[in-house]
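Across the two complexes that follow, chain A remains constant while its partner is chain B and subsequently chain C.
Here is the complex of A and B:
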């Protein structure tokens, strides 16, 4: 028969070696490559928690010998600790790959600056990690912090740094600007979990209580599933609307680009049914676009967006009339409730969110007027292949705000790229390659302008507004 | 299974382990950790509701144990055991008067929590679509 103590020693040592090999990766971080301060903080935390776990493991075998009645349960603890570390392991390499040369730092800081304008989120900062999925929307690291803290409690280690959010992006988009506007949504998940989830959950419960009056009280699994499903869908809509309040219509355009939703503009519904499906964790794209449209109209962005000649704008315009055709693809909706009633619950919450979210972001309208006055000049700079850190409007030199730059750049991407190609030597606006190359340059200039703008602002703050 | 749902199983397993550690402290040192009562009450609420009609408002009393993944795990483990007896055992931890009684009921609770932890880790390590898991 195997000796119990010997087995526990062996298992502890194996886990010790695993944790050691993981945190050695953090120790290999030196001066190069450079990481953002928040990424360094994340890596330092993992290293510290690893060291604490190793200390815990050193004394663990002897602790199992204290009482034979609890020994077997204690031994099982190693399984949970190992799973906790396997979970962190998934994110560590992804964070190490995302050094400052491989993330759109200026855009990330610009969005973070916007979030930090909110009193409750003034200290929030983000660690970016790379993913091999070409989808920002399925990378919710929300529970990573929770799991890390539970693991820390068990090994008597340190808690995850306060106000440090984890966000994921596809590794291929390191230099990109356009799709990376979706990072505002990912940051929204962190903001939601830190500040807004309690209010939103109360509203979801209110809606489900009204449903209970209609269909009766549900059984335990059905009600927890209904609540969780609505929470998942609602959080996605919250993050979409929050992103729009932070960076304006560019977020909607980026989502349309990622999902290929321009098909919606001129296809019969049956041909593009993938946009109409509510899934376990995500609402249907068409429903999301409809809520975007409601918010753009409410904030006052819509008249500016309508001026842009693009199928991307058409997608939003037709979304309202097409949402009647949405359906639920998951069969986990309780039979007593039915899909139609459940969707009604979703829409009640979605409409409530369209009012709730802008109330949380009081500056959501601030950039619209500047965009109206400055976007033509910014687009003209792009057409002339000039980084629009400074533009001249009415004889005055103006440094555009990052949100204005982000939206003007997207406008130019949607309708101005052929004009940029015309300005290039041997430019051929019918060439896909030329268009791709022009868009790539536009992304580079936009990121540079955002970076300059941030520097100018900081210098302005430092020297009392004289830049 | 979405990564969020999968991580929920891990968080659940770790939270259960926290409670188990507190129960072990009770067994080995006759020390009643301050957060043990709240944790036990949340599990008891989930256990009592398992397989029953449940008001949405009552999920609040279950705190972080009110998620679907947790309800599912509890129902899977309870299937193999007698629910009423389990409730009595958990209540016994809070109401026992003598150290010997406390130790006995805590050991019984530990067995149940070990089963919960193991089942949650199984789901974490073997992700399945929600539909397959539901009923």
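Here is the complex of A and C:
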């Protein structure tokens, strides 16, 4: 006959051992490696929750398990605790791998500093973890935060820290700069969920109401499906535009690099049809680039971007003329509405976002003027293999703003790397290896310059100020 | 050669980077203090950077100065401002300056341990000379030669940069291209060696006269780099034995043929 008390004790002990082995990994974090403060916060929280779970498990088995029903209910509770820990287990190792030597710390801080300039988001911070996907991602609250809080509710433990976003980046980009500009988009997801989603949802509902006036009342299921699909698409557009407002055109260039969208500039549409498809959760890339173009023009970046001789700029330039060819490849669109009308709804919201997002980020234009004056000098520093945290313009030493540095570095990547190679002994601009290694150096100098700017600011000098 | 004064340094810092005579020192934190009237008139104080290479105990009983070994001889750590690194007594570590430098093409430089640091028996440089047109953070070969563990705080002044003007040349100096070996480092970098037999071959030492420390260690280092074993594995020992057996068989069969 089953001894229920024994079973619960056995299972509690097994779970105790499991939790202990998980949080031991956090306990191994001493002086090295070093983590960003927000990663440390995440690791400390996991450790604390682990200790609380262990305390809970110590007193969990009791004499009441003699009763079969109580034992069953207790075992169910244990199961919930276990699944909560299995969830945390998945991300803990990935967060431990992302120490300050293995994430672009200075770039993360620079983007976070920009976000923290917004009153509603002044406390937002990010734990970055490594992902095995060649993509950037944000963990929606349900994935870790809510699971951790459910766990905390059962074990009467601590709640997940407020305003702590979880962002994933490809482990291979650990100390890179260029692609990591995409982190701004993922941080945008956290900002969207914390502050802006209500406003955007209201606008989507307004557009759907207008649609109903056109096609007649939609049933509840159609409305829900339409709302959800538009929400997914517009959140992506919002995050793109938010990223541009934070760090400028470098974000668009990074997205073009990641998606390999340069093909769009000079290939027949049929060869690149993957860029024209609206999927369940993502709008078509070409539509995203078109909204980028609209925003770059609105903010005033576009005249500066047009001067850059690169296929990346051409992609953005041609996006406006190519958006007519997009198509929807999701089954969630109500039949009565039709793809064309639904796309019209999307574009109405996208155009609204192009106005809405810069209103939320009042400093979105701040760096353009400085970029205009400083980017040539910064690019010349890169050509000279010099970190451009100080550049001389008109006989005065100037410390560029991180956003100016980010965009000038991307400009140099797009059109200046061969000039750096020409400046090197035995430099061969036709060699792929030479180009790759020059780009790697450029990334290193750019990250160092961004880090220096933070130090200069902390030491009291002003961004863009003269010394 | 003449030591460059602070006023000349300031002038050079204000030249655009593409000017061959320009000097870059960045970031120059607390500039007023570093370049101000109360600072030394012939030197610029430099700070300790936040990245270090710590020597690893090698898997072999010596350090073999070759391409492969140099890469596997250290591991990197980051010590942010506010934290410290302990250098045990009689131990060494590679660090670098927080400042990135670009020297003009008519200046050489020298980095010296700051006297207050030197008095704790910490030595920061054993290769202190900086060539004209050099660019990069300076790698510091830091050695604690005292009997006490010493703490290093990144961001604090650690060295002094002295600049010297080259004697004038009769001919117009050619613009020198950037060297790719240590191009613009911002972290301490591991030494880049060619294999010693290659260097020695160039001065006429035949390979047959070159004494290597044993091929087994070479292969092990390659394995370490590939993420393999740190000690000769059973498999590699078995492979060695098989190789020896094969070569024995080959020599026997060639003897038979002859």
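Note that the second predicted complex is superposed on the first by the 392 of 467 C-alpha atoms of A that agree within 3 Å, B and C clash if a C-alpha of one lies under 4 Å from a C-alpha of the other, contacts with A are read in each partner's own complex, and residues count from 1 in each chain.
Following the convention adopted for this analysis, contacts are C-beta pairs under 8 Å (C-beta built on N, C-alpha and C of every residue); 3 or more make two chains touch, one makes a residue touch a chain.
Every value quoted in this text rests on a predicted model; they were computed, and no experiment measured them.
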Partner chain(s) touched by A:389 [first = chain B, second = chain C, both, neither]: second
Chain B versus chain C as contact partner of A:359, first or second or both or neither: neither
Which superposed partner A:208 touches (first chain B, second chain C, both, neither): first
Which superposed partner A:67 touches (first chain B, second chain C, both, neither): first
Chain B versus chain C as contact partner of A:143, first or second or both or neither: first
Contacts of A:217 with chain B and chain C, given as first, second, both or neither: first
Partner chain(s) touched by A:330 [first = chain B, second = chain C, both, neither]: first
For the chain C and chain A complex, residues of the former touching the latter: 13-18, 22, 24, 26-31, 76-81, 83, 98, 100, 102, 135, 177-180, 183-184, 186-187
Chain A residues touching chain B - in the complex, by the definition given at the top: 66-67, 69-70, 72-74, 76-77, 79-80, 83-84, 87, 138-140, 142-144, 146-147, 150-151, 153-154, 205, 208-209, 212, 216-221, 223-225, 227-228, 232, 280-281, 330-332
For the chain A and chain C complex, residues of the former touching the latter: 31-34, 99-101, 377, 380-381, 383-387, 389-393, 395-397, 399, 423-427, 441, 444-445, 448, 452-453, 455-456, 459, 461, 467
Residues of chain B defined as touching chain A within the complex: 2-5, 7-8, 10-11, 13-15, 17-18, 20-21, 24, 27-28, 49-57, 59-60, 66-68, 70-72, 75, 107, 110-111, 113-114, 117-118, 121, 124-125, 129-131, 134-135
